[in-house]
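The following pair of complexes shares a single chain, chain A, combined with chain B in the former and chain C in the latter.
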Partner chain A sequence: MDYLLTLGVLISIFVILSTSYNLVIGYGGLSTVAHPIFFAIGAYTAGLLSIHTTIPPPVNVLIGAAAAMVASVLLAASSLRVSGDYLLIASLGFQLGLLQLIKNLDFTGGPGGLGAIPGTFTGPLRAPIYLAIAGGLAILTVLAIRSIVQGPYGRAITAMRDEELAFTALGRNAMSLKIVIFAIGCGFAGIAGGVYAYYFQYISPDQFEVLQSAAILTMVVLGGMGTVYGPVVGAVLLLAIPQAITFLNLPSSVMAPMQGILFTLLVLLFLFLRPAGILGGSAKVRL
Partner chain B sequence: MTTVLRIAKLNKRFGGIVVADNIDLTIASGEVLGLIGPNGAGKTSLFNLISGVLRPDSGGIYLNGVSIVGRPLFHRARLGVARTWQHMLLFRSMSVMENLMIAPRIYVGESILRVAFARGAVRAAEAEAHERAESILLRMGLADTLHLMVTDLPFGQQKLIGLARALMNDGPLLLLDEPMAGVEGAAYETMQRVVRQEAEAGRAVCVVEHNVSFIRDLCSRAVFMANGKILQDGSVEELIASAALTELYFGV
Partner chain C sequence: MFDPVILAQILWTGIATASPFVLLTAGFALTLKVTGLWNFAQAGLMAIAFYTMFFALNAFGLPVVAAVPLGVVVTSAAALVIEAYGLQVLRERHSGNLTFFIFTLILSEFIIYVLTLAFGTEPQTLFKSILSPVSIIGDIAVSDWDKVAVAMAATGLALLWGFMHGTREGQFLTAVADNAPLAELYGISAIRAYRVTAVIAALFIVAAMYLIGSHGGIVPNTPLELVLTAVIATLLGGIGRVFAAAAAAVFLALIQSFSILFIDSRWQNLLLYGFLFAAILLFPRGVRLIAIRR
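The block that comes next holds the complex of A and B.
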């Protein structure tokens, strides 16, 4: 039972990550691979604060999100001035560099990771409580991002992605729009990080490697990039289905590679059947 | 007539290519100025310099007497420089109405804080923009296209939507880049009528156009450009009558 609850928490965290990544890359058209490091900034900030201070956990999670936002604004404001392509390169450098720093600092626990993060809740209800919190935050994230991409603000995002030059020449500030979208997306990644740190009570640098962005991107693309609920579907499917075969009682030497194969097969299958994503409508792919 | 736009000693070159060579030009309120010349003369570049797509190497640009040369593109639009594009650059995944709704001079919807916390103000601005968009489309006889996707409209109507979007900006200066290229029939008449109305309402209008009869019907004054230089500035009749310019333009 605890296993399923943990899977539920993990799915909720990845719904926050994929939905926020979709805002940045799918709606905003901003190429970045640094989403895992903003996830890490949230996790490490909340983790370290909970170890060293008595600040209440929700505030720690918010401080982690704020730290991720501040870092994202610095990254976006400096690189977007050069060009959109530069953000991709800068985000890669930022992701690799900061993770390297985390691995080499003492107070972050170095490559061994940061353990003994206070778990806040104890007892048999711990996992259900966390599932309620993470699930609630995932729903809030989806609702918040839905309200951002619809209405007057969403119109501006769409217009900017369609024709940035014409958009700017109408008096719209494309640069600040991009920075805000990036900051909001990265802030949500920071919240996901805080929840992750509190639930698992242990974080290590390899959970935030650059390859995580490929996994999150797969969820976004598979579910339907630039759709509100696509990333939710992608995150649920890609996390739940490979786990489902654990009930077959296969030996672990077979299980692990099977899960990898199943993940890959799912991706290939859906990309053939639904090239614009499961919720992506007709084959109108925009990358 | 008051001067809306004044350009003084404007220079711009790309490597060896001069697109603006010491240009002096004024456009007054209520005036429709035609800008003609061969391809590569620097007409669109001049629009790009005025609207802020390009930065000049030297020289001044003044809108109602205020220097705008250091202002970024989006800021000049907010000050009232409205323009269209030769290739329209409409927002292709949006409806006609949405294309116009995004285009007022000040758009409160681009501030996330105001969208989140000043809902009343945003709603009022949206209603106002909707009303303005409807009245512009009505003037152009396009009121029934309002909910269509812009890409579903015929080319001539897309050109008109490009103009309608620019007209959402109620500023003093309107720059039209080849509004008639590829446009025939009813859209041609509409374009003429609407541009004339805008000038009568007090806007300064500048039109880059190869269609000489459109210029002759519409413009009180015209400027001939070649190689980034203004070669002649006068009435349209004078320009057309000038044998030297005809040779430059038509190569005969």
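The block that comes next holds the complex of A and C.
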């Protein structure tokens, strides 16, 4: 039972991650791969604060989200100034550089990771409580992003994504809109990181590597980039399907690459056979 | 600390260490110049090149003279398959840059996962011993590997320069890089240019992976880090300036080498990312040391 509850928490966390990433990449059209690093910033901030201070956990999670937002604004404001494509390269460098920093700092636990994060809840109800919290946050994230993209602000976002020149000619500031979208998306990733740190009580740099970028990207592409519920479907499918491999009782040296092969193969197949994803019937975003 | 012999030694070792990165950067920058793509699939090709040679040398027991050509054939074939059945399909579909990026990065990761499954995550070297005989030249220790590496990088760049400037095929690549639709109007096949570029990049990748694999351990994930160095050097050199990018690769390696005089070695890799941001923020069109007159 605990296994299924943990899977539920993980799916909820990845729903937050994939939905927020979809806002950035699918609706905003911002080419970035660094979403896991904002997840990491949220996780490490919340984890470190919970170890070293007595600040209540929800506040720690919010501080983690704020830290992720600040970092995202710094990254976007500097790299978007030049050209959209540079954000892609800069985001990759930012992710790898920050991970390198985390690995070399003592107070983050170095490459061994940060452990002994206080669990907040104990006892048999711990997992169900976390599932309720993470699930609730996932639903709130989806609803919040739906309200953003389906309202007037969302129309501005898609207009900017599809015709930036015309959007700018109408007197709108594309740069500030991009930074706001990026910050909102990364803020949600920070929240996911905080919940992750509190539930699993252990985080390490390896959990936020480029391969994690591929996993989140897979969820968005598979579900349907630029659709509200596509990333939710993608996250559920991609976390549920590999569980079948788990039941084969393979050693971790085989299981980890097998899951990676499954993830990447699905993206490649969808990219060529169904670029709009499962829910992107009308091809909201041209791939 | 600033003994001239030590400084000269660091300079030489830095240049030798830079050699494989020069080759990788030249292949990456040429691909970007001709196709306009940040082709992260080259990380996958690096992994294919290394493990083909590794398998040929260690499982089949083939000699180097057979293993390296096998690496060239397999890597070139893989590059052509990616070009013909991946990138060209996306071009015909008028896909955006993001799609090309997703395809190339995910393909690399797919290849890396397959190779992880096949070879594990233990570092592997091409040869059982990576020790190279050392000779002292003017108080500086020069290993045989250093000599081979510098010679291969210099020869590779000279051949590329000769090809680009002295052959019609090379000039076609430049024409396609400048304006592919216009080049097509003049009867130059852009598809052919892309495929020729893919093969040239594959040759550079095999040469670089031979050098890296005979000098230290490689895990399937290593190529992703290598390709990032090529990206940074390409940015510093300036998009479309292949030889400047190669020079930037040398500069980066020298900065890393000399940094041991000032900072802890564990922070050396972080320097690369610092340069990445400096390149993007300060020199988005690359560093130009000489003003260009028209």
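Assume the second predicted complex is superposed on the first by the 250 of 287 C-alpha atoms of A that agree within 3 Å, B and C clash if a C-alpha of one lies under 4 Å from a C-alpha of the other, contacts with A are read in each partner's own complex, and residues count from 1 in each chain.
Note that contacts are C-beta pairs under 8 Å (C-beta built on N, C-alpha and C of every residue); 3 or more make two chains touch, one makes a residue touch a chain.
As the structure is a prediction and not an experimental result, all values here were calculated from the model.
For A:167, select first, second, both or neither according to whether it touches chain B, chain C, the two together, or no partner.
A:167 sits against chain B, while chain C stays out of touch.
A:121 in the overlay: touching chain B, chain C, both, or neither? Say first, second, both or neither.
Neither chain B nor chain C is touched by A:121.
Should A:158 be classified as contacting the first partner (chain B), the second (chain C), both, or neither?
first
Quick check on the superposed pair: does A:202 touch chain B, chain C, both, or neither? Answer first, second, both or neither.
neither
Contacts for A:148 in the overlay, against chain B (first) and chain C (second): which applies, first, second, both or neither?
First partner only.
Tell me which partner A:257 touches in the superposition: chain B (first), chain C (second), both or neither.
second
More chain A residues touched by chain B or by chain C?
It is C that touches the greater number of chain A residues.
If I apply the document's touch criterion, which positions on chain A are contacted by chain B in one structure and by chain C in the other?
Looking at chain A, the two contact sets are disjoint.
Sort out for me which residues of chain A touch chain C in the complex.
25, 29, 31, 33, 78-79, 81-83, 85-86, 88-90, 92-94, 96-97, 100-101, 104, 210-211, 214, 217-218, 221, 253-254, 256-258, 260-261, 264-265, 267-268, 271-272, 275, 286-287
Sort out for me which residues of chain A touch chain B in the complex.
Residues of chain A touching chain B: 148, 151-153, 155-156, 158-159, 162-163, 165-174, 177, 180, 184.
Applying the document's contact rule, which stretches of chain B touch chain A when the two form their complex?
My answer: residues 51-53, 73-75, 77-78, 83, 85, 89-94, 98-99, 101-110, 112, 115, 122, 126, 165, 168-169.
Given the complex with chain A, which residues does chain C contribute to the contact?
That would be residues 38, 89, 93-99, 101-103, 105-107, 109-110, 112-114, 116-117, 120-121, 224-225, 228, 231-232, 235, 266-267, 269-270, 272-274, 276-277, 280-281, 284 of chain C.
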